[in-house]
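See the structures that follow.
Across the two complexes that follow, chain A remains constant while its partner is chain B and subsequently chain C.
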Partner chain A sequence: MISDWSVILLSLRVSLVATALVVPVGLVVAWVLVRKRMPGLFILDLLVSLPLAVTPVVIGYALLSVFGQRSPVGRFLEDTLGVSVAFTWLGAVLASAILAFPLAVRAYMVAISGVDTRLESAARSLGARPLRVFATITLPLAYRGILAGTLLAFVRALSEFGATIMIAGNIPGQTQTIPLAIFSRISAGRDGAALQLVVVAVVLAALSILVHNYLVGRVRTGESAGEARGPR
Partner chain B sequence: MSAAPALELALQRAYSGFTLDVSIKCGPGITAIFGPSGSGKTTTLNCVAGLARPTRGRIALGGRVLFSSEEGINLSPERRRIGYVFQDGALFPHLTGRENILYGYRITPPSERRFDPGDLIQLLGIGHVVDRRPGSLSGGEQRRVGIARALATSPNLLLLDEPLAGLDLRMGGVVMSHLRRVRAELGIPMLYVSHDVTSVLALADDAIVLAGGRVTAQGKPSKVALEAVAGMRSEGGVLENVLEGTVADSGGDNRPGRVTVGNAEFVTAPLDATPGSAVSVYVGAAEIILARERPVRMSARNILPGRILEVWSVDGSAYVTVDIGTHVISEVTAAAVGELGLAAGVDVFMVFKSTSIGVVES
Partner chain C sequence: MTRHSLAAIAALLLIACLSCGPDRVADGPPVRVLAAASLGDVMRELAIDYRAQGGAVEISEGPSGALAVQVRRGVPSEIVVFAGQRPMDELERAGFLEPGSRINLLSNSLIIVVRDTYGGNVTSLADLAERFEGKIAIADPDLAPAGEYAIAALQSAGVLERVQGRLVRSLDVRAATASVSLGTADAAVVYTTDAIGVENIRVAGTIPPETYPEIVYPAAVLNGARDLDGAHRFMEYLKSERASATFRSHGFTRLAAMR
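Presenting the complex of A and B:
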C-alpha cells in the first residue's frame, strides 16, 4: 500500500523537474518567436502549440516510439548512459514537460511582447549585448508574466495523465503521480481513498491559479471593483 | 575640434513603399535634421545607431566604418559607441535615474571612459532626482536623465530624437540650455532630429532638411530652417526666437523687468527671477515689427536699433535677421520687404511689446 504522501511527493518532484526543463527552453523559444523575424518560424510556432491540440495519448505514444526499449534511441540511451526513459519517472517528467511547454511559451510570449522594444534598443545602444539586454531589461520587466506562465506550466505538469500513462506506465512508487493514483483507486472501487487525492489535486490547482491570477493582475477586490490589482 | 567630418553617411533604405535616400556629412557641434513627420528623420538616426539596416550604403564615424554594404560591414549597435537619446527618454522603468545612468557606464571599458557620471548628473542639473524611478520624474527631468545616460558611455556621437517633443515652453527651455552646456563643455558631435524650427535655430550649428526621404537642403540653420518653415506651417510650426540672457532687473510695483541678451537689453513684464540669474528669452518672430525710422509716441516698450544681416523670403512671408546686439528674426510680409526696402546692411528698428516676451529661468 503506497501512502498518499509518497504519491504527492512523487507528483511534486516530477512536476518541479518538468517545470525546470520548461523554463529555460521556453524562454529562448518565446523570445525567438516574439523578437526574431525569419522564414520558417511559423513551423516552430506550430510545433510549440501542437501538444495543446493533440490528445496527450498521442504524445505519449510518440514518446514511446522514440524512447521505448525497442527503439534505437531508447536502446542507445540504455547502453551508453544506463538511462531509461520508458516506464521510469524520467518518462513522466518528459511527458509532463512537453504537455506544459505550450502554456509556458504562450504566457512568456505575451510577457516578452509587452516589453517596449525601444528599451531593448536603448540598452543595445548603451553597449549591452543581446544576452545582457535579455537578463537586465527584458526579464525584469516581464517577470510577472513569466512567473505566471511558469506556474501555469507547473499546474499542467501536475495534472498530466494521458501521455504519462503511455510512456511511464502506472507503477506505484515509481511513476504513479496523483492523477494516475486517482485513476487506479477509482478503478479498484476505492472511491474513498481516491477522494483524498482529489481534494489535494483541487487545492493545489486552485492555489496555483489564484497566485497566477494575482500575478497577471486579474484579482479584483471588493472596494475597488473594476480596477485590476498589481502593475500592468 | 578637427575639420574632418565627424559623421559621413550615404545610405538607401526601402521599406513599404517609402524610399529613404540620404547623403549627409556632419562636422563637430550640433547638426539638426529637420523636416515634417514621416520624412525619414528617425529612420536615418536608427540606421546610424545600428537599429535599422540600410538596404545599401556606407556610414563612417570619425573614419571608422560602422556600416558598408560593399565591404559587408555592419557593426551591432553595442559596438558603435553612439549615444542615443530617444524621443521620450526610453528610460528603464525598473531602475532609478542613477542606475539608468550607470547602466551603460558600467559596460564601457574603463580605458574608454571620458566622463564621470557624477559630473554628468551635475552638468544636467538632475542631482535632486536621480535616486527616483523614471515614473515619478517630470518630462524634462526624464529627457535630461536620458541625455546623461547616453553620455555616460562616452560616445563618439550623440543622437537626439526630438528631445523637446511634448515639453512645455519652460521645460523645453531648461532641456535646451542643458544641451547648450553639453555642447560647450563636452564637445561631442550631435545629430539632432526635430520638426520644431525654434529649437533648430536655437541649438544647431548646421541644418539638414529632409522631405519625403531625401535631403532637400543643407547649410546654416537660419537659411535652411527658414526655407523649410513654410512647409512646417501646416504642422503648427511657429517661429520663435530663443535667446540666452541674464536678468538685469526683476522689476515689480509698476516697474518693468529688464533682461540683458548679448549686447541688447529687453524690457519685459515684471519677473520672478532674481537679478543675475540666467534665463531663456522667447520672442515670436511674428510679434516683432520692423521700422526704418525710430517710431515716436508708441506704446511698445522695446524699440531697438540694429542692422539687417539677412532677408529670406518664403511663400509670401519674409524672415529678416537683424543684429541688435544679438541676432533676432522678425517675420514680415513679402510686400513689406519691397515697400520698406529691407535688405542686408539696411539699418532698422525692431519694435515689440514687453508682454510679447516669454522669460524662463534656465
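Presenting the complex of A and C:
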C-alpha cells in the first residue's frame, strides 16, 4: 500500500513547485497591475481572479481541454517535446499553481502599492534601471506582504482538489496528493485513515504559518525604514 | 537580513524543483484504469496482486463525471469501470469504447442498516414503515443512483408514502451510512458494500433484489488504449476467479457476463 509518507512528500513537492511558479509570475503581474496605467489592465485583473470565481472543477476541465490528447497543444507537447501534463504530477502542479495564483497576486498588489513611489522615483533619478529599482527598493519594502501572499499560495496549493483530480487523476504514488487521498479514503469508508491525513494537512498549514511568522519577525528587525536600528 | 531570507526561500524552492518528479515506471506505460471512487479500494488491492504477478497496471479513481470527461478529453487510458450504466452508455454512444469489450462486471445490493445499539427487530422495509419511528437516511435520488434504487425499493414495498416524512436525503450513499454511524439518522437504505468496516452500525436486513433495478458496475476497454493487449489481459484478470474472491470480500457480486 502507498504509505502516508509518499502522499505527504508528493503533496509537498507539488505545492512547493507550484509556489515556485507562482512567486515570480505573480510578482510581475502584481507590479504591472499596481504600477502601470494602460487600457486592458482590467481584463488582466479579471483573468487573475477568475480561478476564484469559478469552481476548481471548471479549471480542471479547462486544463484537460488544453492538455488532453484531443487538443493540438496536448498532442504537440506529448509528441514533439515528450512532455505529458494530463495524469502526471506536472498536471497537479499546474492545477495548484493556477488556483493559488490569485491569492498571491492580490496580496502582492497590496504589498507593492504600500511602497512609497517617491522612493522608487528617487532610485530611478539616481540612474537605477527598473529591475534594480524593483529588486532593491520595491521588493525589500513590500517584503512582508509578499511573504504573506506566498504563504497563502502555498497553503492553497496544499489543499487543491477539484482541478487536480480532473487534470492529474488520482493515482497513488504518481498524482495522489493529500486532498485526493482524503477523498479516496472517505469514498472507501475509511474515515479514520482519512482523518489521519486531515491532521497532517492541518499540521503542515500550522508549520507554514510558523515559518511565515518567523520570517516576518526577522524582516521587522532588519528593515525598519523609519525606526531606529538596534537590538529589540 | 531580508536578502538572506529571500535567498533562503529561493534556495528551498530550487531544491524542491530539482528533487521533483516521482519515480517513473520503467518499460512502457502501465495499463491505466479509470475507476469509480466507490471501487477505489478494491481496484487498488487487485492492482497490487496483478503487479505481483508481473503485470503493469495503475488505478486512477474519481467521481464518474470526472472520469467521463477525462476519457472524452483524451487522457491516455485503457479501461473504465463505472458505478452505473449511464456514463458508460454515453461513452459508448460517443464511440469511445472498444467494440465488444463492454461487460457488466459487478453487482451490488441494497440493505437496511441501523445503529448497533438499536434493539428492535426490523428486517424489512415494511418493518421500517410499521414498527420503526426514526429517521431513515438515503442517498439523494437527484444526485446519486443509490438514492434512486432506494426509492424504487420503497415504492415496490408499497411503503414510500408512509415513510416519506421521515426520509433524510444525504449527499451520497456514504454520507447516508455515516449519518447512522454518527447518530443523525436512525436507519439507512444503502449498498451492501457500504456497511463493511463502518463502526456503530449493524445490518438489519437485506432487500429483495427483484424490488429494485439491477445495480451494475460496467467495465470496458477504451478504443484510445495505448496497449490494447495489456488492456484485454487486465480485463480477463478482472473476470477471473482470483479477482472475484477479492470483489466478494469487499461486498460486491461478480457478474462478468457479456452484455
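Convention: the second predicted complex is superposed on the first by the 206 of 232 C-alpha atoms of A that agree within 3 Å, B and C clash if a C-alpha of one lies under 4 Å from a C-alpha of the other, contacts with A are read in each partner's own complex, and residues count from 1 in each chain.
Just so we're on the same page, contacts are C-beta pairs under 8 Å (C-beta built on N, C-alpha and C of every residue); 3 or more make two chains touch, one makes a residue touch a chain.
Bear in mind that the values here come from a model prediction, so they are computed numbers and not experimental data.
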For this session: Examine A:Gly26 and indicate which partner it touches, taking first as chain B and second as chain C; both and neither are also allowed.
Result: neither
For this session: Quick one: classify A:Pro51 as touching chain B (first), chain C (second), both or neither.
Result: neither
Problem set entry | First (chain B), second (chain C), both or neither touched by A:Pro172 | second
Exercise. More residues of chain A are touched by which chain, chain B or chain C?
Worked result: C
For this session: Determine, under the contact definition given at the top, whether A:Tyr61 touches first (chain B), second (chain C), both, or neither.
Result: second
For this session: Figure out whether A:Pro140 sits in contact with chain B (first) or chain C (second), or with both, or with neither.
Result: both
Exercise. In the superposed view, which residues of chain A touch chain B and also chain C?
Worked result: 140
Exercise. Across the complex, what residues on chain C touch chain A?
Worked result: 1-3, 5-6, 9, 12-14, 16-17, 19-23, 32, 34, 37-38, 40-41, 44, 48, 58-63, 66, 69-70, 72-77, 174, 177-178, 194, 196-198, 224
For this session: Write out the stretch or stretches of chain A touching chain B in their complex.
Result: 116, 118-119, 121-129, 132, 136-137, 140-141
Exercise. For chain A, which residues count as touching chain C in their complex?
Worked result: 1, 10, 12-13, 16-17, 19-20, 23, 57, 60-61, 64-65, 68-71, 74, 84, 86-87, 89, 139-140, 143, 150, 165-166, 169-175, 183-184, 186-191, 215, 218-219, 221-223
Exercise. Where on chain B does chain A make contact in their complex?
Worked result: 49-51, 76-78, 80-84, 86, 90, 92-94, 103-104, 107-108, 149-150, 153
